Each structure stands twice: as structure tokens, then as C-alpha cells.
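Please go over the structures that come below.
In the two complexes below, chain A is the common chain; its partner is chain B in one and chain C in the other.
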Partner chain A sequence: MKRMKSLMIGAITAVLAFSVVGCSSSEQEAQVLNIYSWADNFDPDVVKDFEQKYNVKVNYDVYGSNEEMLAKIQAGASGYDLIQPSDYMVATMIQLGLLEDLNKENIPNMKNIVSTFQTPPFDPDNKHSVVYTWGITGIAYNKKFVKEQPTSWNDLWNEAYKGRVIMLNDPREVMGMSLIKNGFSNSSTNKEELEKSFADLKKLVPGVVAFDTDNIKQKMIAEEAWIGTVWSGDAAFIQAQNPDVEYIIPKEGATIWADTMAIPKGAKHKELAEKFINYLMDPEVSVKNYESIGYSNPNEKAYPLHSEEYRANKMIFLDKADIARAEWLVDVGDTLQEYDRYWTEMKSGR
Partner chain B sequence: MLNKKPVKLLALPAIVWMGALFVLPMLLIAALSFLKRGTYGQVVYEFTLNNYIRIWDPLYGQIFWDTLVVAVLTTLLSILSGYPLAYYISRLEPSKQKIWLLLVMIPFWINFLVRSYAWVIILRSQGVINTMLQSMGIISEPLPLLYNSGSVLLGMVYTLVPFMVLPIYVSLEQMDRRKLEAAYDLGATPWKAFWHVTLPMTKTGVVTGSILVFVSSIGMFVVPDVMGGAKSALIGNVIQNQFLSARDWPFGSALSIVLMLLSMLLILLYFRATKASESKEGAV
Partner chain C sequence: MNTRRRHILSGYSWLMLVFLYLPIAILVLYSFNDSRINAVWSGFTWKWYISLFDNRQVMQALANSLTIGVISSILATVLGTAASLAIKHYSLKWRNIVNGLIYLPIVIPEIMMGLALLVLFSQIHMELGKATLIMAHVTFSMPYVMVIISGRLADMGKDLEEAAQDLGATPWETLRYVTLPLIMPGIVAGFLMSFTLSLDDFIISFFVAGPNSTTLPLYIYGLVKRGVSPEVNALSTLLIVSTVLLVIVAELFRRKDSKTITY
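Showing the complex of A and B:
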């Protein structure tokens, strides 16, 4: 009973503490920037510098998937000023009218972005979003077990790696891979193309050790998987931990992706969010930020300022020819139901 | 009479809590299941029965069936491993019983996800078991202990077995031991005494435990993802996908409603079956 009592007191204190915090933050409402993003997506020092420079407070909440973020923004009154949807999600959110127009006058540093990312297909005029991080889904493999360097998606089907292939746990990525392998677009809505690629994919499934997105890095590092579909940024991380792991972009092409910066409709501190976007695209700030988070910096002006080591990493600075072969995932609308049905069928093993 | 009102008031917080956090969301899900998915994954407020028609696709029937098989196996294995443990604990001195019960409950203090990952560390190819066996020279290649249906079942039983042990223990504790002595006096062997006296008298515990384990395992999606390598599609995973990658909340809601009705039906049948055999025994 006594324990119960102290628990109650603890709970009440916690509630009180929260409400006090709530009060103080609403007092200085104009100076708070509420970010909703992926985990570890900024260098903490860079955020701290911003807070000091502009005398503001930055709140940072995280989500684990675009869909989780979408659900929260769709519900309305989320209170967030800056979000980081991926490419296809930007397109969806534009269609649903969930993103503000960016006021480019407040973001002069936008011109620093490399020209390839100034006209991305999901938001061709950068009207609602700016590319923040990007990468390509290629093949990571462990030299110890995969003796011959893979060159094609076909190599995942190699019998020698049966039971050691890892795939992202993501229907669009995996179906997209098989579509590309078969010479189609990764966002095909053509029934026959989907059927053919799916039939192909089904033959690969018995050789798959696991489908994983969040812990794919650990599985490659611990050598549970020898070869698989891995994001370039993750591949860089894996190689730093396990030097036997190498990375290539297959000759058929691959899926390119980007996380962006965007402002949800009705954001209370839109101008501050734009200030933050502009700040992050300052060449010197971005050098510090990107070398800390280990992702590819789309900032052209910052390139000469980066360290040799960072520039030499070809999982961070991908080859121009590889980028040229890469394709964006585009929202497939109602066909997403087909993708999901194939995905379910594949997992059910029938 | 005077006492009744305050007693009723005692239930009020629970009623409000359940109403706001259980009944209301349930109704919302039920309503959602009759709506349409928009092209961009939004919910369109138009009535349709299509979500329920789609469930008749044999693919989903198969998945419901697979899920049932896993849930039933999990329940059976939980009985087989949980009953002996509960029996053993109930025969100990009271002070030791407390320690054992504590040991059964301690895993609940650690987050379920963390415990699942602990199993990954034990079972993976560079994991505790494989490294040990390899260093002892018993095996030369790591055994594939993880990411198969066996490891999913192991994870399920491991997670849910306390829900079986505790109710069985309670019913063993409440059992009238004199009846057991009577059985022995009448010349029953220990096995016969267990089968004809102990087991029927602890049936309530087994039934309660089975329902708890069955219902929890039928909607499970974390264990198949973490310990099964997300390779199998159980109904819990399919529902999760509808709310995330497929962005089809109405279909996900329809699947949830069907799952709920199905488990209610099965529990009802299970109750009927156990009740029927009970009354038969009563007649004997």
C-alpha cells in the first residue's frame, strides 16, 4: 500500500512538472521550433548553435516511418513546424494538400543544392520541399563469403548465397528491385510487368535469411547475411564496423531516395522553420552537420570544404554514372493495393 | 441498500477508462472498416462492403488459418511447459513458492522488445549458442537457429508462458487436497490420481491460461518480425502493413474486426466444449 502511495505521488508530481514545462513553453511561443523527423538526423551541436544564434528553442520528436508521420500530420493540429518526409511521401502529401509552400526569399541558400536535386520528380520546382539527405539502394556484400564481385541484381539469386540474402522489409523497395532487374520501372503500374517481376521475386524468397529495415546494419555486421539490398548510407555505416563489407550499384540501375525538409500545412512558426532550413544549407554548417550524421550532403558549395576522408567515401559520394542510372520511386496510387497483395502473398510463402 | 451507491462508484473510473480507451476506438475501427481507401491512402467517407469482400480472397483465408495453427501450437506448448512448472511451484514450501513466482514474473519487468532482441543475440550465427558449440568443436558451421518457424514458436511460448503458469498455479493452490488423498486411499496410482482428480479440478486454470495465451498470440506481430526475420505473414503482420506501408486503414480495420469476431467465436466454442465435458464428469 505504501508503495502504491509513493507511486501515486510520483505520478502526480510528473503531471505537475509536465504542466509547468507546458506553461513556460507557451509563454515564449514565438521562439520555439518544433521538428518532427527521423532519429539522429541532425548533429546535436549544429542544432544547439542554431538555438544560441537566434535565441530560440528547438524541440525534436522522432518517427520511424513515413506512414507514422503522415498519420500524425493528417490527424491535424500536430504542432510541428518542420518535417522530413521521403521523396514519394512528399508527392503524396502535396496531393493531400498537407504541405505549405516554401517562401524561397527566406531560404537564399537553396541555390547551394546540387542541380540534380533542384528538380526532383516528386516536387519539380522545390515548391514544398528541399532535399536534405539522399542515397541509393544497392547491393552490400561481404567479401569473405561472396568471392566474386556482384555486378547485377541477378547475383542475389545465386544459389551459393541461399539462406544468406537479406532484403529491406519494404514492399516498394523490394518489388522495385525486382522490377528494375526485369527491365521495368520501379514504380510500374502495369499488371503484366508486376506479375513477371513478382514471379521472379518468389524464387528468391527461399534464399532470404530475413526481411529487415531497422536492423539490417546489425545483420550485415554480424555476418548473418552475406549479401543484400542496402541503402548507401547504411552501407557506409556497416563498412565502418565490418571492413569486409563492400557496396555496388548494379548495372541494371537502382532506386534513389531522398529525405527532405518540408513545412506541414498550418505550421505556427513557418518563418522560423525556413530560417532553420536556410541555416542547415549554409556551406560551413552543412559540413559539420553531414560529417556528423554520415549521410551524403547535397550542398554543392560545401563539397570543397569537406574532409578528404568524407569525399573519398564512395558510399557517401556515389558515382555520377550510378546516379544517372538510378530511378525515384513514385506514388503508384491505387496500385499500392496490388503491391501489398503481392507482398502478403510472398510472405505467406504460397 | 445504502452501501450500493458507493460500491457502484468504485467501478466508475474503470468504466470511463474502458469506454474512452477501449469501446470508443473499437467503434471507430468498426466504422472505418466500411469506408473506402483514397488513391493516396487517405480515408474516403463513402460506404462500401468491399473491404469485407476482399477478405474472401483465399490468400487471407490461408493467413488466418496459418495464424490459428501458430496460436494453437503456442497454447499447447505453453500448457505442456507451464503446467509442470505450476505444479512444481504449488508443491513447494510457501516461502520458496514466493521466490519461484517472482522468477516467473521478473521477465515482465523488462521491455518485451528488448527480450526478443536478447533471443536474437543468443540464437544468431555469431550468437551465444553457436559460438559456444563451435569453440567446443561440436559443430563446424553455425546452426540456423534463428529466422524460421521454430524460432517464432519459441519466442511466442517464451513470451506468453507466464500467462499460463499463473492461473494454473492459482487453481492448483485452491484445490482440495483431501480429494487427492481419497484417490490414493482408494488405490489410485499417482498418474491415475493426477488424470482423474488433479487435472479436472484445475481445468479452470488451464482454460483461463489458454484463453490468455491464445488471444495474445493470435494478434502477435513483433515476434514474427524480430525472431522470424519478418519472413512469415501472420494476420497481425498483415494488419500492421495495412496501417503502414499499404496505407489502407479501412482494409486493416476490416481484418481486425474479422480477427476479433473469429477469436470470440473460438473462445465461445472452447468454453462450450470444456463446460460440456465438465457436466458429463459431474454426471459420472
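Showing the complex of A and C:
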């Protein structure tokens, strides 16, 4: 009994001492950068180098979806300095007044970025955001089962792959794909166009094995799914694990997406966040960073510095012509309700 | 007939066990998988256990979880024990009312509690972080401590305390030498329960976490989009093993206690 009590008292003292020490040491640290982002979105060494170079501490917390992040920032008590919203979320957050203006004088490396990303429709002047990772939603297929190389979205409708098609679990992406297949814009607000694309999509549904963004990689690698709509960066990951999987961007075009870097309103360490953004866009740093996380680098100055292997990967080093054909998802206003209605109808009708 | 029934029953119990433990077994198995993704088996390796300790994010999340778990369960145990002792002296009517109010947080949906705490913290302009997480964890684990300790106190009755006071013990001495030793197994059980609850919690933590306070469950959830790495499987395996050890130790303590203290 006595032993147990002294144990407990010991534990309490230890914890209190620990927390006091913890507090005082964090006060000594002058500069802290609080990042709120997707998991595994930076090369750990790059972050470490930044900390050493500028004598700062980087805290890195993660979220699983844009909506979660938005909820946290909207709650107003978040304390983050750098966030990574996706394209459409940038537009939403600008509209809600949740993003700071970037001070471009602190980010001279911003000019290194490919011109396509200097004027994205969600933030035309890069006033609040800079593209960080990006990709195109194309078709990934397993050549063991899909003998003929797909060239068009139409190939997903092929009877031979019935029950083996996998799709992203996202109304805008999936409806956008069907709209593009039918020759319309992926962000159409025209009722007839939507109706037609939806009717087409409904024919595909019985052949779909799953609508699943989170496990799409597992299902492609394990060959449960043979063909499907996959982000380019994910396709590169899948191919590294299962060399039979190939990736193409259909001739009709495709949806391009990006995760960005932005600073939430009221961030306490805005300048440091800008310093970090600038650091990540340094050509040499970016080469190290992007080769580690396996995503496409938007940094044009860095292109010649990348390794042969990275440059040869068509899923990471996307073709210029493909990029030119790709289209951003833009805000559709109230039509979003239509998209959601179709989506619910499609999924419940299965 | 009888043996057949017994076969069916034992078969059923085995099925139950398989149902309960198969997912955990698979999780452990895949921590030794060579592939980066939990989809196909591609060979045995220890490498995830090694790289685990180099992964700053995982280690940071583990440290956060343990710090928050230890501090919040100590606070919940101390506050919960004190509250149970206080409630014991209330009249039956008040005791029932207070008990009802205390058990309410156990039954209201976690998501409501998380939201309520988030609203509260942002109303009083408290910055989200470790402190808010600890407060939230104390809030939801204290009722469990009180349930356990109130039960223990009810079993104990008033006789021993009254006897001690008859024999000249001061109220403090009664508490120190009679009551606390008798309810110690309950206190330990309450502490372990709070610690486990704190380590496990996702929903409430999700609402009240802030900078530099990502706990393990929050981190693992965040990994879903990129694919959960086998390092997480390795870590979970280590956590399962240490939890089992912890429970065994606690159980040994409890048995030793009930042997030495007879009443």
C-alpha cells in the first residue's frame, strides 16, 4: 500500500516538474510556427533544416479533410500560422474573409512557380495562396486485366470491367468527370448538361466496385479494382507498389487540383509563415522536399535539378499538353445543391 | 444431445473470440509487412519498428498522448475521489440528484460534448491546445472515476469509519488510515480507466485540439488520406502489448490488496 502511494506521489511530482520545465523552455523559444496541414505533407528533413537555419520551432498538426480544417479555423481559436486548403477551399475561405493577404516582398521565390499556377481561378493573383502540391485526376488501370490502353473516359463504361471500376468519393470530381466525358465543363451550371451527364453516370454505377477516396490506393494495389479515377500523385504511389498499374489522362481532358499554402486571418507568426513558404519554394529545397513526398513540384526553376527518375515519371512530371487540357473545378454557387442531389440519388439508387 | 449442445456452445465462443481478436491480429501481422500499404503481404520485416523511432511526427503524437493522458487522469482521479467522498455525506435525495447530474456526461453523445466544449473555449477566448485537451479529458473521465469510487464507498459502508472515530481518530486520520486504503483499489482502477479513455479519445479531442497538441488518434486519422503507414501498425502493436502488461500489473495489485485487507 505504502509503495503504491509513494509511487503515485512520485508520478505526480514528476509530471508537475515536467510540465513546468516544458512551459519555461517553450517560453525561451522566441519563434514558433504552427502548421495545420495534411499528414506527411513535408519531408521531415526539410522542416528540420528550416528549424536549424532560422532557429525556430515548427509544430505540425494534421487534418483529414478541408471541411475539418475550415471548421477549426472558423471556430476562431485555432492559433495556426500556416494552412493548406485545396483549390475550392481557398475560394471559399477568401469569400469568408478567413485568409490573410500574403506579403510578396517576403516571398521572392514566388516567381519561381510555373505560370499556370500564377493565375489559378480560385485566387487569380496569388493574393492569398500559393500552389504547393497539385495533380490531375486521370485513369489508372491495371494492364493485366485492362488489355487495351484506355484513351477516353468512355473506357470506364466498358462492359468488360463491370464490377471492377473504382471512383473517388466526391460529388464534384465524379460529376465533373461525366460532364467532361460528355463534352461540357466540369463546373457546368446548365441544368440540361447536368441532367445528361447524370443519366450517363447512372449507367456506370452498377459496374462500380466502390466510391472510396481513402482506400483507392489499397484497392488498386491489391487488384480488387482494375480501372478507375485516380489522382496523378496517388497513381505514382500505386505504380511503385504494383508495376502493372499504368496511368493516362483521357483525350477529353480532366480535372486539375491543387493544395496550397495560405495564412489564416489573425495568425500570430505571419512573417515566419511567409519565410517558410519562401523557403519551401527555393529550387534546391523544393527538389529535396517533393522527391521525398512524391508529389508534383510546381516550381519551374527546380525542374532541371530533379533526378532522372523523378523527371521520367509521367505521373509526377505531367505532360504540358495534358496540363493545358485540364480544367479547374470552380465554385458553382447554388448549383452545388443540384450536384449534391444527383450524388445522393445516385448513391442511394444502387 | 447434451454433447452436441456443448459443441455448438464452444464453437460459438470460439467464433466470438475470433470476431473480437481477428482485427487486432491482422493489425499486428501487418506491422511486419514489407509493403508500405496495408493491402498486400509482401514479406516479413522489422523495419517499421526501427523507423518508428525516427519518425518525429509519430513520436511527438505519442508524447502528446502520454502527457495529456497522465496529467488528465491524475486530475480526474483526485477530483473524482474528492467528489465521491463529499457526495457520500449528502442525504439520499441530494445524492441521487447529484449522481444523476454526474452520470449525464457519460450518456450524452460525445460529439455534443466536444462541440459544447469547443463553443465554451472559443467564447472565453481560450487558445486551443494541450491545456484545453487536458480540461476536456478531465471532464469526460471524471464521471467514470466517480462511478467506480462511489461503488467502492457504498460497499464499504459506514461501520469502519465510525469505529475509527469511536476509537479516537480525527476525521483526517480516518480518511488517511481507513477510508483511503480501503478504496485504493478503486482509485487505481479509476486512474487506469481515465488513462485508457484519454489515450483512446478521438471525437472530443478532435474538437478541442490546437497547435502542437495532435494526439495519436488524431494523427492516425489524419493519415487516412495518404494511406496509414505500417509504422502506425507497429506503434499500435507496442501500445497493445504495453496496455496488456499494464492491466496485468493493475490486476496483480488489486488481488494483493484484497488479500491483505479483509473486511
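What we mean here is this: the second predicted complex is superposed on the first by the 320 of 350 C-alpha atoms of A that agree within 3 Å, B and C clash if a C-alpha of one lies under 4 Å from a C-alpha of the other, contacts with A are read in each partner's own complex, and residues count from 1 in each chain.
Operating definition for what follows: contacts are C-beta pairs under 8 Å (C-beta built on N, C-alpha and C of every residue); 3 or more make two chains touch, one makes a residue touch a chain.
What you see is a predicted model; the values in this text were computed from it and never measured.
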Superposed on chain A, are chain B and chain C clashing or fitting side by side? clash
With the two structures laid over each other on chain A, which partner does A:241 touch: chain B (first), chain C (second), both, or neither? second
Tell me which partner A:39 touches in the superposition: chain B (first), chain C (second), both or neither. second
Is A:75 touching the first partner chain B, the second partner chain C, both, or neither of them? second
Where does A:324 make contact in the superposed view: on chain B (first), on chain C (second), on both, or on neither? neither
Between chain B (first) and chain C (second), which does A:222 come into contact with in this model arrangement: first, second, both, or neither? both
Mind checking 37-45, 55-63 or 91-99? I need the stretch of chain C that runs into chain B in the superposition. 91-99
Those residues of chain A which chain B touches in one complex and chain C touches in the other: 65, 68, 222
In the complex, chain B residues that touch chain A: 37, 39-42, 57, 59-60, 62-63, 66, 124-126, 144, 146-147, 225, 229-233, 237-238, 241-248, 251
Touching chain A in the complex, chain C uses residues 35-40, 55-57, 60, 67, 70-71, 74, 118, 121-122, 125-129, 181, 184, 188, 206, 209-214, 218-219, 221-227, 229, 253, 257, 260
Residues of chain A touching chain B in the complex: 65, 67-68, 70-71, 74, 92, 95-96, 163, 169-172, 205, 208-212, 222-224, 331, 333-334, 336-337, 339-341, 343-345, 347-350
Any idea which chain A residues touch chain C in the complex? 1, 4, 11-12, 15, 18-19, 22, 32, 34, 36, 38-40, 44, 48, 59-65, 68, 72, 75-80, 213-214, 217-219, 221-222, 237, 241-242
